[in-house]
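After this come two complexes, each holding chain A, first together with chain B and then together with chain C.
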Partner chain A sequence: MSSIQIRNVTKRFGDFTAVDDLTLEIEEGEFAALLGPSGCGKTTTMNMIAGIEDVTEGSILFDEQELSGTRIQDRNIGFVFQNYAIFTHLSVYKNLSYGLEVKKVAQGEIERRVKAMADRMSISHRLDQPAASLSVNEMQKLAIGRSAIVEPRIFLLDEPLSNLDAGFRAYMRAELKVLQHEFGQTMIYVTHDQIEAMSLADKIAIIDEGKLMQYGTPLDIYNSPDNRFVAHFIGSPRMNLIDGELSQEKDQLKLRANDGAEIKLQGQVKSDFASDGKVQRGSFGIRPQDIYFGKQRSDSDMKMDGTVEVLERVGPKRLAYLQVSETRFIAFDDQDQLKVGDTVPFYLPSAKSMAFDLTSGRRLGGAAK
Partner chain B sequence: MSDKSANTPTKDGYWAKVAQDGNKMGFWFVLPTVLLLLFIVVFPLFMQLYLSVTWWTPLEGIPWYMAWEVFSWGENYWYQLTDPRMWGALWRTVLIMIVAVPAQFFLGMALAYLFLEQFPGRKMFYSIMLTPMMIVPAVVGLMFYLLFQGTGPVNAHLGLPSNFSWLTDVHRAMISVIIADIWQWTPLMFLILLAGMLGVPSDQLLAARLLGGSNWQNFLKIIIPRMKTVIIIALVLRAVECFKIFDLVYIMTKGGPGVQTETISIFLYKLTFAELEWAYVAAIGLTILFVLSVVAAKGLSYMAKKDT
Partner chain C sequence: MSAIEIRNVVKNYPNFTLGPISMSVEQGEFFGIFGPPSTGKTSILKLILGLLQPDEGEVLLSGQDSVEMGVAERDISMVFQNLALFPHMNGRENIIFPLKERGVSEAEISKQLDFVSGVLHVGHILEKNPAQMSGGERQRIALGRAFAATSRAMLLDEPIAALDARLREEMRVELKRLQRENNQTFVYVSHDEEEVMAVSDRVAVVADGKIAQIGTPDDVYSRPNSMAVAEVIGSPPMNFFQGKLSSDGKFFEGDKIDERFPLKGKTKAGGTATLGVRPEDIWLGAKDGDFGLDLVINSVEPLGGYTILNAQLDEQIVKIRAPGQVDVPERSQQRVTFDQRRIHLFDEDGIRV
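And then the complex of A and B:
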């Protein structure tokens, strides 16, 4: 078990910068997720930790020890590949024992540990069979078991659940959490699936175009995104982000959306937008579940009138697509009383609204840290 | 097709049936090729079998199809078993095989492993590496004939006197031939083995390294087992090819000195054109064909078993 320090790491492939000045600290025993859209540099980061890719600039350390120059086979890293990379020409037993055999562990010890691991992963009935005959779900377990058996310093998982069927994925998600707890292992988990990251990780690093957007606990990231990208990326359904021009008329600060709607800013979000006097173009954010209908709950909540365009059932709830001029707001129809075509008033609670600078994407105001 | 036959009056002739039946039509389409193959493969084989059980030679004074007049039963087959020159030629062929093929295999394997990694100039070296096998064997023979002359470059570079002979020395003649064969055919081995090695999934190799396996351990436990089929193909191919070695030897030593480098092919050539023992040649040729077929079939069936 080790802690990992990633310091100002940059990775370039020719002219293309895959990872740009990334700094990240992962504590011993922590489960960290690298989350981002495809091609954001998360897998490259993982490969650099494993030693599969060289670091162009900066350094990666385990327990404050510089890693560059340490060969892949000497890093003692557990790595679970997206497609598992099971040795299909060997038996399940030989797959599990590989990491121990190459380290010349005594035969009796190997046998004991393989049996224990096979039991733990509930594949002991398959030990003598060729690994190629396993189902995808069993391969997944074998891949994790094969890496865990050598008791690596850290565990890297590259989208390990993406090939599984939905039911087993949910099961494996819970299982991974249990395993991580049992092994007390430092784990880094690469995924583009926010639900996996939110449910598994102690901390999430959100990466976009090779840059670290935010690093924090799942709730932290959800509740107080540092910038517009994180606000947009995390949450399902996605946050409403209304982009537009800020204008001051007498006392009233307004955000005029590019596609028509006009929000008369009030309360906290108003002072957030006003906190940086130079910002001209802003982005107003509000999560769908924070929009409400009916009676105004606070004086600072902003009233809008919208036409119900579409109602979409999502589980027990309904999503309402509200059209204000050409601007669309998505809200949960919490009263279950809306009809398509109705024009209804709805409220944007100021305390839960977020202000972003549209040009730089950064969060504005006191709520931003 | 069924529409047509419903509208036009049905003909009962054989060809009308052929037109309806894909299998029959196929038979007529491939028939010319089959006949041609019979003529160029099967006919000579039977001709050889026929001659091998006679005493016939071109000097016999009778055409070959009349060879039954000098029928010998299995005498030729019996004689070859007790012919020391035949056994000598066979042994020398096998010697070339058991020295050259493993040497080509290990060199080819090592080179293929080198070429698994990217390095500057890889493409250029790759092309250069493959050149020897593109050269006509007779030309390779000539090249090595010149190289191994007493006053040639080999002696000059090794600092040996010009009376230090390679091609006319009892032992060194064979060594020279084997060196030439290794030089020419290592590239083929390299090419086949590299193709096999590239087929080993790179992520499994990476997984093995991440598990702490050294390059050598991973080579033995991951790469080699996965290449088993390709290795057998390469070895069988080269072993069988070795039996056909001729051009190199003929140009470098003509089988000499004496019979010191006389391989099966050289031996058969001399028997055919110098000694005109055609019936005997036919018998030996058939025996070798039979033995090699058995060896190749064994190898291939072993491979098929490993595959499933």
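And then the complex of A and C:
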């Protein structure tokens, strides 16, 4: 078990910069997720930690020790990939024992650890069968068990759940988290699925175009995104982000959306937008669950009138798509009373709203708190 | 008269039988077909389209038996998950191709192109060739080509499955809008439960080659008629507790639950049964008069807008979905309460009681 230090790491492939001056500190025993859209550089980062790719600039350390001279096989890293890399011609037992045999662990000890791991993964009844006979779900359990059994210093998982069906994915998510607690292993988990990252990781590094956008606990990132990219990427359904021009008329600061709606800014979010007088193009953010209908709850909450364009059932709730001029807001139908075509008032609570500079993407005001 | 009606259709395969299936799709309806992979969803579309002929039963189009109708005569279009574009044509030419083939007037073509490209956000890629587009962009152009020409009904087989999550969320609303505004009939197949529930007016849940239930998304979610439906609708899935009904039919006695669960209203007496409770219908904390359990919380998944708690009951993991952000320490014991009004009870055959 080790801590990992990634210091000012850059990776270039020819003219293309895949990873750009990335610095990350992952503590011993921590479960960190690298999250971002495809092509953002997260897998390249993982490959550099593994030693599959060299760094162009900067350094990667395990327990403060430089790794560049260390061979992959000596780094003692456990891997789990999307495509499990199982020896399908060998038995489940052999697959589990293989890593221990390579390390010349004593036979009795191997047997004990294989049994314990098979129990842990609920595949004990399959030990004598060829791995090829396993279901996709069992295959993935075996892949994880096979890597975990050698007790690597760190564990790297690259989209390990993306081949599984939805129900089993939810189950495996819970299972992985319990496993990580039990082993106490340092894990780095690469994914493009924000729900997976939120539910599993102690800390999430959000990467876009090779750059670190934010690093923090799931709730830190959700509650106070540093920039517009993170705000857009985290949360499902996604945050409403209304882009437009800021304009001041006497005391009233307004955001006029590119596609029509006008928000008369009030309260906290108004001061956030006003905190940097140079900003002219802004983005107003509010999460769907924070928008409400019915009676206004606070003077600083901003009233809008929208037409219900579409209603969707999402899990236990209904999502409403509200059209204000050509601007669309997404909200939960919290009173269960909306109908398509209705024009209804709704409220944007100022205290829950966020302000971003549209040009740089930077969070205004609130991020500093 | 329904736009599409399937009556007692059976289709035999070497290792699999589809049907008997009966369903009808109304003019202007957005009809979803949902089920796990390889349960026969795509075969239903092929039967409607005429690519497959039923071994038994009939497919009616606007009330007419379709058995003598060729594929072209049926006037039904189909959109696949992997759509091919003409590589030598740019986005615009691809979209308007079917309209030109049909000899539609220039004015009408330009109107349809504007409409479709607005809805699908493809204005900026109309002049690009397919080779210069991303996968998502190609798929949107392909959808545009399918939607530019109207037909009796449009069959969509996982049309947006290949797009990334954010784009999928946006596209499903656009599909819904497009269908509404053109008053088209859509039959939409997906294995993504959230997607199909979000867009459909009614949903058919397919399991093992049969239709387990047809209803509005609300019906199917709130009153699944069987375990087969309850298991596949909802994420995280419904929690199930095995047990039996007391001889007076007033209580459910869980095999691994000490207390008896009081049942309101009439139920069957005796026999094995399964109690189902959705994760959001289990509340943290005790509530007077309501049934509850003491559970140890294994792990907490903070998702921002809500929190998933994984609790242990014997060998079973019970999933609880709590609104907002809750601070529950892992490994702590918590009293939880089941929402009495929202429980589901299934008999020994898995049929809703």
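Simple rule for what comes next: the second predicted complex is superposed on the first by the 365 of 369 C-alpha atoms of A that agree within 3 Å, B and C clash if a C-alpha of one lies under 4 Å from a C-alpha of the other, contacts with A are read in each partner's own complex, and residues count from 1 in each chain.
Following the convention adopted for this analysis, a residue touches a chain if its C-beta (ideal position, glycine included) is under 8 Å from a C-beta of that chain, and two chains touch if they have at least 3 such contacts.
No experiment lies behind these values; they were computed from the predicted model shown.
Q: Between chain B and chain C, positioned on chain A by superposition, is the outcome a clash or a fit?
A: Partners fit side by side after overlay.
Q: When both complexes are superposed, which of chain B and chain C contacts more residues belonging to chain A?
A: C
Q: For the superposed arrangement, I'd like the angle with vertex at the C-alpha centre of chain A and ends at chain B and chain C, nearest 10 degrees.
A: Placing chain A at the corner, the angle measures out to 80 degrees.
Q: Given the touch rule stated above, what does A:238 touch, chain B (first), chain C (second), both, or neither?
A: Touch partner of A:238: chain C, not chain B.
Q: Should A:315 be classified as contacting the first partner (chain B), the second (chain C), both, or neither?
A: second
Q: Would you check which partner chain A:50 touches, where first means chain B only, second means chain C only, and both and neither mean what they say?
A: first
Q: Just chain B (first), just chain C (second), both, or neither: which does A:85 touch?
A: first
Q: Is A:99 touching the first partner chain B, the second partner chain C, both, or neither of them?
A: first
Q: Under the stated touch criterion, which partner chain does A:31 make contact with: chain B (first), chain C (second), both, or neither?
A: A:31 sits against neither chain B nor chain C.
Q: Could you tell me if A:199 is touching chain B, chain C, both of them or neither one (first, second, both, neither)?
A: second
Q: State the minimum pairwise Cα distance, in Å, between chain B and chain C in the overlaid complexes.
A: Minimum C-alpha separation, chain B to chain C: 17 Å.
Q: Using the superposition described at the top, list the residues of chain A that contact chain B and also contact chain C.
A: None.
Q: Which bits of chain B are touching chain A when the two form their complex?
A: 201, 203-204, 206-215, 217-218, 221-222, 225-226
Q: Sort out for me which residues of chain A touch chain B in the complex.
A: So the residues of chain A touching chain B come out as 50, 52, 72-79, 81, 83, 85-90, 98-99, 102-103, 146-147, 150.
Q: Considering the complex alone, what residue numbers of chain C touch chain A?
A: Of all residues in chain C, those touching chain A are 36-37, 164-166, 169, 172-173, 176-177, 180, 192-194, 197-199, 217-218, 221, 231-232, 234-237, 278, 280, 298-299, 301-305, 308, 310, 317, 319, 321, 325, 330.
Q: Quick one: in the complex, what on chain A touches chain C?
A: By the definition above, chain A touches chain C via 37-38, 165-167, 170-171, 173-174, 177-178, 181, 192-195, 198-200, 218-219, 222-223, 232-238, 287-289, 309-310, 312-316, 319, 321.
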